[in-house]
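Below you'll find the structure, written out as structure tokens, and then a few comments.
Lettered A, B, C and D in written order, each chain numbered from 1.
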Amino acid sequence: MPISEKTLPICISLFAVAMALAAPGHAQVSSPNDPDEARIEDIITASHILTNEGILDSFGHVSARSAKNPEHFYMPRAMPPTLVSRADIVEIGPDCKPIAADAPRLNGERYIHCRIYKARGDVQSVIHTHDLAVIPFGLAGISLKPVVAQAGFLPPETPLFEVRDANKDKRGMLVINADLGDALAKTLGSNPVVLMRGHGDTVVGRSVREATVRTIYTHIDAQAQSAALALNPHITVMDAAELAFNATENFDADRPWQNYKSRLPAGH
Amino acid sequence: MPISEKTLPICISLFAVAMALAAPGHAQVSSPNDPDEARIEDIITASHILTNEGILDSFGHVSARSAKNPEHFYMPRAMPPTLVSRADIVEIGPDCKPIAADAPRLNGERYIHCRIYKARGDVQSVIHTHDLAVIPFGLAGISLKPVVAQAGFLPPETPLFEVRDANKDKRGMLVINADLGDALAKTLGSNPVVLMRGHGDTVVGRSVREATVRTIYTHIDAQAQSAALALNPHITVMDAAELAFNATENFDADRPWQNYKSRLPAGH
Amino acid sequence: MPISEKTLPICISLFAVAMALAAPGHAQVSSPNDPDEARIEDIITASHILTNEGILDSFGHVSARSAKNPEHFYMPRAMPPTLVSRADIVEIGPDCKPIAADAPRLNGERYIHCRIYKARGDVQSVIHTHDLAVIPFGLAGISLKPVVAQAGFLPPETPLFEVRDANKDKRGMLVINADLGDALAKTLGSNPVVLMRGHGDTVVGRSVREATVRTIYTHIDAQAQSAALALNPHITVMDAAELAFNATENFDADRPWQNYKSRLPAGH
Amino acid sequence: MPISEKTLPICISLFAVAMALAAPGHAQVSSPNDPDEARIEDIITASHILTNEGILDSFGHVSARSAKNPEHFYMPRAMPPTLVSRADIVEIGPDCKPIAADAPRLNGERYIHCRIYKARGDVQSVIHTHDLAVIPFGLAGISLKPVVAQAGFLPPETPLFEVRDANKDKRGMLVINADLGDALAKTLGSNPVVLMRGHGDTVVGRSVREATVRTIYTHIDAQAQSAALALNPHITVMDAAELAFNATENFDADRPWQNYKSRLPAGH
């Protein structure tokens, strides 16, 4: 039996499998036919993917509308997105409060999600980030525009939310009540993305996967536009025909989703 | 050595290793004398290298002309390049369709490869990327020029493909039919690289390894030129004598190929 | 399971594991009720976190005031922060000299910490970095301003320390005596951060965790402001009401601390 | 004997040790008292460190003068620096040719090293890089200046080598003969660093460690100066007194050397 460096990984793998099987419990109550469980699993994966790609930091959150009860939605409790697992997901009702009486502490900014779900019946997932690639656009008052082919879902100019205009009682920059959530939803309008000055962006989609991939391509588009503007203030952006083509096609979110998922470190 | 219920899995593991090594199988049907198999292996490695270096993303693809049947070429099915393995490689004929009746779904942009192989008998490999380092040049209308010694294969000005000029029926930015493939090949001309506005670039070579290394040094040259232009709009580029020297030498692709291959994570 | 000369090492390994686990030792003398030990543990973790995030390099240091003896403070001996462990922590007195007679070699720049603790009774932790994101502001004479919501702890303009003005005997750029430490503390004033021209910054907090998170968000704020200024010299910064909101709230340092701690490689 | 996830790493480590001990041969002929062996070990470590820090790529090389025979020097054969090990080190004589008749293929650019050792008796180590942080300065005709405290070894303006001026027979940009090596050494003069237009830089030191650390801080200084110039074309650079202080102090190369060495992936 030759033992070499090549056999070591095999040994370790088998050992790990054996240990996993030997371990008592860890009984994950899975409901393969529950459509909400699939959405929740995608919330978890998206939280890990967007952190791994450097778009989510210690804050930011991914949510999904409930398929079973469309006035409800799911999002993680207040915690770093990279650490989110099934036990951290909270169901929230139309009053923006948790359904469970003993729910853990929630994100103050759950109103972003809650009020967009109310305003936009077509939206199945909402993602809020502090993406450093988009923040400079809001600070500089420069419109984010679609410049790379995969960002063709963006409108000719992505709207910018100025919290200072909406914030009557002048209480900082966060979207922490229903009025501010409504103001953000109004600026978002029927668009897929709204930038937030000094804060980040909020992205919506017809699924968690679509919202995730849109979040990533908004990030990439912002990087491309910033770098192009450094070369020349006059750049070529996608025209109406190019955008129309994208709008009528279903964007294939699955391929980038599989790609970014494959990049997660082991254990996620 | 205490043997208990808990050490049993280790013994099982070692036993399984012994069985695995004893097994005659793992029979990978390899044809060491088949020149196409060597090219296919390089397609797979190049797909992994270019993803690992941040040049390929969820899309983009590497192909190679068949040595046995030069009107055919090989490229991966529609999938993220980082996940490509031998089973994903498809043989494609001069009509840009797969040879096998039961071929998996192909990349819509296989016409980039198909029509360049038709137009350029000297080309043995084609690589299409969404490289974020080159995209700003097309958006800004700034010519990519050879500025670093290892990019001496570039012409004085790398051509830029404006899909809008070629796209008669205004159907987006992708090269998804033979006419667009021909238009791209025409802009490429006899050059090693063509930039694509809002999209990326396409690079050709006399081997997969040469095309891969050219793709990487186009990326590096674009980074150097962008950073230099930020310091001074007037920069020194390689002159005719410097380029002529490069043109007459065979660029040593093997050394960077070995370097970038060594950087792949374990398992690739 | 064939046992041969080659499998013997595996058995030896397993036997050694059993021995290691059976050993009562690994006794780490911990004092769970000692408030200074908790602060020292945070110094170590912060040193690793700030290196892992690319903010500390071979130099730079994290310190904490002693809870038991507030005229004393703890900081690592002269060494790269990524390598710091418990044995490297030195207790230093109000004369900026180590308490122990046999203390290892200290950082010449311990005067940064020593003199700020003297000047600022509210400060429980001091961090000095060579952060490349903030250095350009000092070199360029551009004020660092709060632009992202999480950097709302910053004043409208972060002060800049020009060592050349303070350095009477013209001995370089480092803060290596009490006079220079006092000059730096004077420029810091009652602020949380002071930039140091050509050098980095110094950040203070009411705990190691707060100082660490402030160091990271100063870094992020500098990145956002730099990128925004590249798009437009006129940018929107946080206004008095937005800053006031932050000033009156306790910044939640625990969530980013947990996030950045979770990103440390195994072994830290 | 409790077996848990925590014991697995111990098991693997012990297994690896056992395997290493069981393996026949690998007898490394070490000469602990041979000063040249210590220099060669540092060449190998420096090659790995500078690749790991993104400064060396597939090309570039680290060399050291022989302590035993100061007209000789050691450098790796033509290969990617990240892969260099003891067997790849070649001893080269004052004629820039290998001492051994059966030496492997050498770097064409060994003349950089060979002619600088001839011109500069004080130099014990030479490093040549394609550092992307310094290349923009040569392309843009902007002087690299000392701006960060740790780069105080730099002169007020780092000289720039324009190969086009030296290259009488117009044969490209590489330094591949003695005449070009002499021209580079002349531009270097008594400085620690010379930039090379479109190519990179060459750095010298009184030891491999000093040359390595100087290479890294030249890289960092270039990044800081580039970023500062993007904010304001008028920046503050180190003055004569600040540089004089650095010049008279021995720069502590050991601390960054230990730091960067600790960052190497396992196996290096």
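Please note the rule applied: a contact is a pair of C-beta atoms (placed from the backbone, for glycine too) under 8 Å apart; a residue touches a chain by one contact, two chains touch by 3 or more.
All figures in this text were calculated on a predicted structure; none of them were measured in a lab.
Starting from the defined contact criterion, work out which chains touch chain A and chain D both, please.
Both chain A and chain D are touched by B, C, going by the contact rule given at the top.
Based on the averaged CA atom positions, which chain is farthest from chain C?
For chain C, the chain whose C-alpha mean is farthest off is B.
Have a look at where chain A meets chain B and say same if over half of the interface residue numbers show up on both copies, different if under half do.
different
How many angstrom lie between the centres of chain A and chain C, each centre taken as the mean Cα position?
31
Cα centroid separation between chain C and chain D, in whole Å?
Here chain C and chain D have centroids separated by 30 Å.
Residues of chain B that touch two or more other chains: which are they?
Answer for chain B, listing residues that touch two or more other chains: 2, 6-7, 9-10, 14, 18, 229-230.
Once bound in the complex, which stretches of chain A touch chain B?
1-3, 7, 10-11, 14-15, 18-19, 21-22, 147-150, 152, 220, 223-225, 227-232, 234-239, 241-242, 245-246, 249, 255-256, 258-260, 262-263
Okay, in this complex, where on chain B does chain A touch?
5-6, 8-10, 12-14, 16-18, 20-22, 57-59, 78-80, 82-83, 130, 132, 135-142, 164, 170-174, 197-199, 226, 229-230
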